[in-house]
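Pasting a structure here, questions to come.
As written, the chain order gives the labels A, B, C and D, with residue 1 at the start of each chain.
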Amino acid sequence: MLGVMVDVSDAETTSTANATFRELSTLQSFAKKLLESGTVKMVIGYSQGYTSDRAMPAFITDPEKASSLIFDKRCFHNLTMYLKTAEIKCAGKIAIVVKGCDAKALNVLLLENQIKRENLVILGLVCIGVGDPTLEKCRICNVNTPPIYDELFGKPVPNKEWTSATFTRVKELEGKSQKELWEFWVNEFNRCIKCYACREVCPICTCTRCITDKNQPQWVPTSPHSMGNFHWNLTRAFHLAGRCIGCDECERSCPADIPLSLVNWKLIKQVFEKYGFIAGMSPDDLPPMSTYVEGEEEEFIK
Amino acid sequence: MAEFKPKAIAFICNWCTYTGADLAGTSRMEYPADFRIIKVPCTGRIDAEFIIKGFEQGADGIWISGCHIGDCHYQSGNYFAQRRWSIFHDELEFLGIDTRRLKYTWISASEGRKFADEATEFVERLKELGPYEDFDQIIPKIEESGASVGGDG
Amino acid sequence: MITINTNSLGKLLESARSAGYRFVAPVRDGTISLFRPVDRIQEIALDLITPVKSPKEYFFSDHECILSYKRSGKSLIELSEPSKEDYAPPTVIFGCRPCDAAGPGIIREVMTWDCDDKFFLDRLESTVIITIACVEADEACYCTSVDMAPDSETGSDILLTPSKDKPGVQQEYLVKAVTEKGSRFIEQTKGWSDGTVNPAPAIEGLKSSMKPTFDAERVRKWLDTSFEDKFWDTATLACISCGTCTYTCPTCHCYDIIDEGNTDGGKRLRNWDACMMELFTLHASGHNPRPTKSNRFRQRLTHKFKYYPDLFNRILCTGCGRCQRYCPTDHALKNLLEQIDKLVSTESQAAEAVDK
Amino acid sequence: MARIGVFICHCGENIARTVDVVSVTEVARTWPGVVYAEDYRFCCSDPGQSIIRDAIKEHNLTGLVISACSPKMHEKTFRNLAKASGMNPYLCECSNIREQCSWVHHDKEVGTEKAIDLVRMMVEKVRMNHPLEPIEAPVTKRVLVVGAGIAGIQASLDLAEAGLEVVLVERNPSIGGHMAQLSETFPTLDCSMCILSPKMSAVKEHPDIKLLTYSEVEKVEGFIGNYTVSIRKKPRYVIEDLCVGCNECVTHCVFKKPKFPDEFNEGLGKRKPVYIPFPQATPQGAFIDPETCLQLTTGKCKQTCVTACPKDCIDFEMVEEIEEVEVGAIILATGFGTYKPELLPQYGYGKLDNVYTSLQMERMLSSSGPTEGEILLKDGTAPKTVGIIHCAGSRDENANIWCSKVCCMYSLKLAHLIQEFSEAQVFNFYIDIRAAGKGYEEFYLKVIEENVMVLRGRPALIEYEEQGNNGKGNLLVHTEDTISGTKLVVPVDMVVLSLGFEPDKDAVQLAKTFNISRSPEGFFMERHVKLAPVATTTDGVYIVGGCQGPKDIPETVAQASAAAASVLGILSKDKLIREPTVARVNELNCIGCFQCEKVCPYSAIEHKEIRDHDGNLIREVALVNDSLCHGCGPCAAICPSKCIDVDGITEEQIYSQLAVL
């Protein structure tokens, strides 16, 4: 029995979720079968949160509790972040519920040797967007049907292709002057309290010892002063260059409401425009920071 | 007022640009003294952290230079460096860093003249831009008590 | 007792500022609010249940210099300490809720325990806390479960009690000087009062509707015997090990001391630290006594509801609800406490049944 | 606590002129951890070194900073000194206050201020240095020599004589290179082929030399002591081991007459598709040119050569082969090209009859050449006058700026030979005569005495005169005698253009393949122009002869032997000591994402499994293979949690240098 599942099996929740996701009962019964047959030790999915209008991650080991799984517009969470935690790493074979964007993270984790495919049953959901109003990442989603799954729930929809016109939010900011950008970001980052929710919630931030926690030498100042905040937020993003899959969980988790995803999407945009690369589309694509094309030359280097 | 003397750093690779800088010396080419060289084996070794730390140490400008594409002593180090700087540069620009203070060149072991010329251009450019006041404002000062009393200090 | 109308709060601000106080109040920044120094009353936003960070940071800063050092000569170091004028200017914190106002007083226990923390105490002394009693709460609020109430006076120097039991309306606040410091402040800055009233208007709606959701004493007893309970392992899986709950908490007070500088000089800083982070207890040897989330979450809960009460006879929690409100996964103390409470009552019912 | 010694070198006046070395020393004494600081006139000298040695011992130093010339000059010297004085050599660093300070700044105040910073940065770096132990790697006792001209031949013979196996690769069907084309050699007038051919056959016969002609190096992997080289062997279509060079195939080729320009004779003669490049060709066998052979180009030929061959050695089915060899060191003797005379339209090469290149003249003078040693005009008569134009395409801003060093001497030699073997009067048009070398000036004087006319001035134009003084057409050389200052028009029957050296046409590709640099003019670049003239920046790769720059035969042979000696020095050991400045992994924090593996140019990152006591796999981490790692560092830069660091240039060493900025 799992603690988090206490008190959250009310029928009302289930019916709300059913209204938005028609395959829910199929998902629930599939999860139940996986647990009953012993194929997996645990199913990670979504359940009703403690707060009435929130959903929360659920870690189900009891087949009877599979009916508490939900999926609806409140299921923002990228559950693949739990795969890096010590508790899940030693949990044996598990099943995990993923939306398309979450599934991209799985591809990156596979590419970077962080998960073993054979230890994972991927329950892919066809997702047409979460959030109310629908989130920006969902508006430009190119993976409504996940790029990797073992079992798909929902009728596949054709995925949209990205173009450079995709990145409108980043482009709005790019139009600003250097001075305006500097003031904008210093002001935004100043609210940072170094809680590292952005890092912890990120499925791709898999380091067990983050660079900011390394103090010989201390590249990133740990203090939440302007300099420390600027440095941390810059480094956090840059380490995701060519790796960030754009789930925007960092921004959602940030208690200080810093538009972190903008920084990430700028990287996603540059990597896409310069190298035609989208992270997480396949577990075999070499990330652009780890490869090159013979003879390529950048104009800005003279 | 005394003339502004920029504080600047050059990260240069041991095989090409450092040797080129030596050649500028052997050839007695004069260039401004307002930057300090940190020798690295390869531009591929230069971490993005070095750049940020440079600014945090009060640098007005940072210069990165290595072997020409195709001439890397380690075969491909500068290719990776090139991609890293390309993306990092864009990111810095997006975050409002004054990217005119960053300079990237490829200078071979035989290009002593180019080294001296680029060094001169670099320092002249920084003199024109003046002190990097934007960044300076976020650097905590030792002399100030610096106690942040709540808020966003 | 004196009163003040919503419209006269600007006068209060001006009198405080002209008396030399920095005036700190919740300010809206995007979708959130934060306690910030304000110049004008229009900057203040009291509409959100809580600013993200509690006013704790005005007593115990998220990063503060505790000394600075400079090399003078080959092997001599010059030390200097921050001056009280710099780190503890006279300050009014306005618009606290009772849960936030209570925080500093609770931390004071530990800040004066084995030695006096001068930074904290000096600031406590130079700060006047003006609290507004609550007429609204959200699902995360649970002050009544931790010996507090929507109109608790604990920690406040002055308590403003609204006249109407409704949020977002014109109010006539009853002004009560809770402490000597509060009376002195009223004395010093008078001129903003809108009259006197006797007795106080009563706000009972929220007080009566907010029932305790767990029994803190019962939980404490369970904690005495349940260090190794497997409850911890399963109940904490959703935690992501970030510092949001501790950093927004009005009573968490752990810190880290670091040096920032180079061979020529630098500063010794005291920065907030969070027990929910994996590295919090990592030893130099590589051993970590709290390697798992369950260990860490157990520590946080037990510290607040057992160790602190054992030592200081006071729960280290004011029920402000931030840990749930800002938790990225909606996973927080309150719900674990409720689960424990339920566990205890089920167990005792079972025990009783056996006895019968 | 660090105990650092700082030495500030005056370098005579080289540093002291622009850097106030005394005050730099005084400032250094005030820094924490500096227990000893001294300035000295020449730190690299014997007395300088003994002062440093004494200080290391007396003050029990844990770090040493020598502020002097570039570390490229003397870092090794001072590290060896440290080692000899009982200190780990990697605790010693050089700060460059000469090439990068005193020589580039003229203001003493500026120079001093900068020098103080440079010394300080190095002191801070040294504070973070830790002792490193050299890495041992196995050695393959075999050498690859690329190019079998005189340079490659000499190096191969020296190495083989010393007992090493040699793989000698030549891209042409025969070895010999340019030297085989020459008639006589200056200044002694030895017959070139007479002194070369014994060496050519010695190479062929030597049991320890494996000769691969008509082959090219495709790929080089590995590092000093352990290179793996892929060699592409192009098909000769004649089985080399069987062919005895009887010439039957050539005689019976379907082409009855030689039709194609003969490369060896610089186009002066003709050859058939099947041919023996020259009489002394080694290997001596025939060879079929796939570009001109009827069978190979069209597939339709009577193959008379096949039937004519008494030993059945012609095989049109022969295909390209890739041979892999393991070697410990590489000597590049890939030679040079010559300036293209077509680029000098004013001299009319290719347009006017009787304008020849110097190499063509060498062939004409050769007794085995196309004219069997006779100097003949196009019409078959002997010239009465010959003009030799020095510096054709050399020392010219519009052509090659450099002096090719050998042209003066060979032009004088050609003048001598032409006058000796014909009736002609020779005019040499020169800019300067550069006759530096043993017996060279004497040779020049001798040639003058032989009444060769030498005229100082670069000819501007050569034109054809329909009716010359012979009653037939001749060439007019328009020039200026810069000694008398008069403009001259010299009528001659024949002109020889003395062309200079250029980098070989394949130099760019070769430099890439062997990972070495090139100088601005395109020749291969030596590690140090004075002190390491045959080494390159890639350990274990050497350059000799014309590929490094213009030079004459004795100099080429000297370089070849020098490189051979260097290689012998390396390969005489059973283990090779490698610089320990390699990457290392912090296994505790490595998460095994292997981004490092993807950016490593040397495939030096391996996977290491961490297992618990029961042998269960816990995780995988990166592991650096010391003998493959070159310490370049992209791995460290890409590692997100900074679990890879590079010894010798660690994060802390960089950080500490930044921290004193």
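In the analysis below, a residue touches a chain if its C-beta (ideal position, glycine included) is under 8 Å from a C-beta of that chain, and two chains touch if they have at least 3 such contacts.
The model shown is predicted, which means the values in this text are computed figures rather than measured ones.
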- request: Could you tell me which chain's Cα centre is nearest to the average position of every protein Cα atom shown?
  value: B
Statement: The chain pair with the larger count of contacting C-beta pairs, comparing A-C against C-D, is A-C
Query: How big is the gap, in whole Å, between where the Cα atoms of subunit A centre and where those of subunit C centre?
result: 31
Message: Can you work out the whole-Å distance between the CA centroids of subunit C and subunit D?
response: 74
Query: Whole-Å distance, subunit B centre to subunit C centre, using C-alpha means?
result: 45
Field: Whole-Å separation of chain centres (CA-atom averages), subunit A against subunit B
entry: 35
- request: Among the residues of subunit A, pick out those that touch two or more other chains and give their numbers.
  value: 191, 208-209, 211, 219, 221, 223, 225, 289-290
Message: Give me the residue numbers in subunit C that touch at least two other chains, ranges are fine.
response: 34, 62-63, 260, 262, 269
Message: By the touch rule stated above, which residues of subunit D touch at least two different other chains?
response: 588, 599, 638, 651, 655, 659
Task: Give every residue of subunit A touching subunit D within the complex, in rising order.
output: 112-114, 206-211, 214, 216-217, 219, 239, 286-287, 289-291
Message: Touching residues of subunit C toward subunit D in the complex: what are they?
response: 71, 73-75, 262-264, 286
- prompt: Can you list the residues on subunit B that touch subunit D in the complex?
  reply: 7, 9, 15-16, 18-19, 21-26, 28-31, 33, 36-42, 44-48, 50, 53-54, 57-59, 70-71, 73-77, 80-81, 84, 108-111, 116
- request: Using the touch definition up top, name the residues of subunit D that touch subunit A in the complex.
  value: 588-589, 591-595, 598-599, 620, 638, 640-643, 651-652, 655-656
Query: For the complex, which residues does subunit D have touching subunit C?
result: 29-32, 124, 588, 659-660
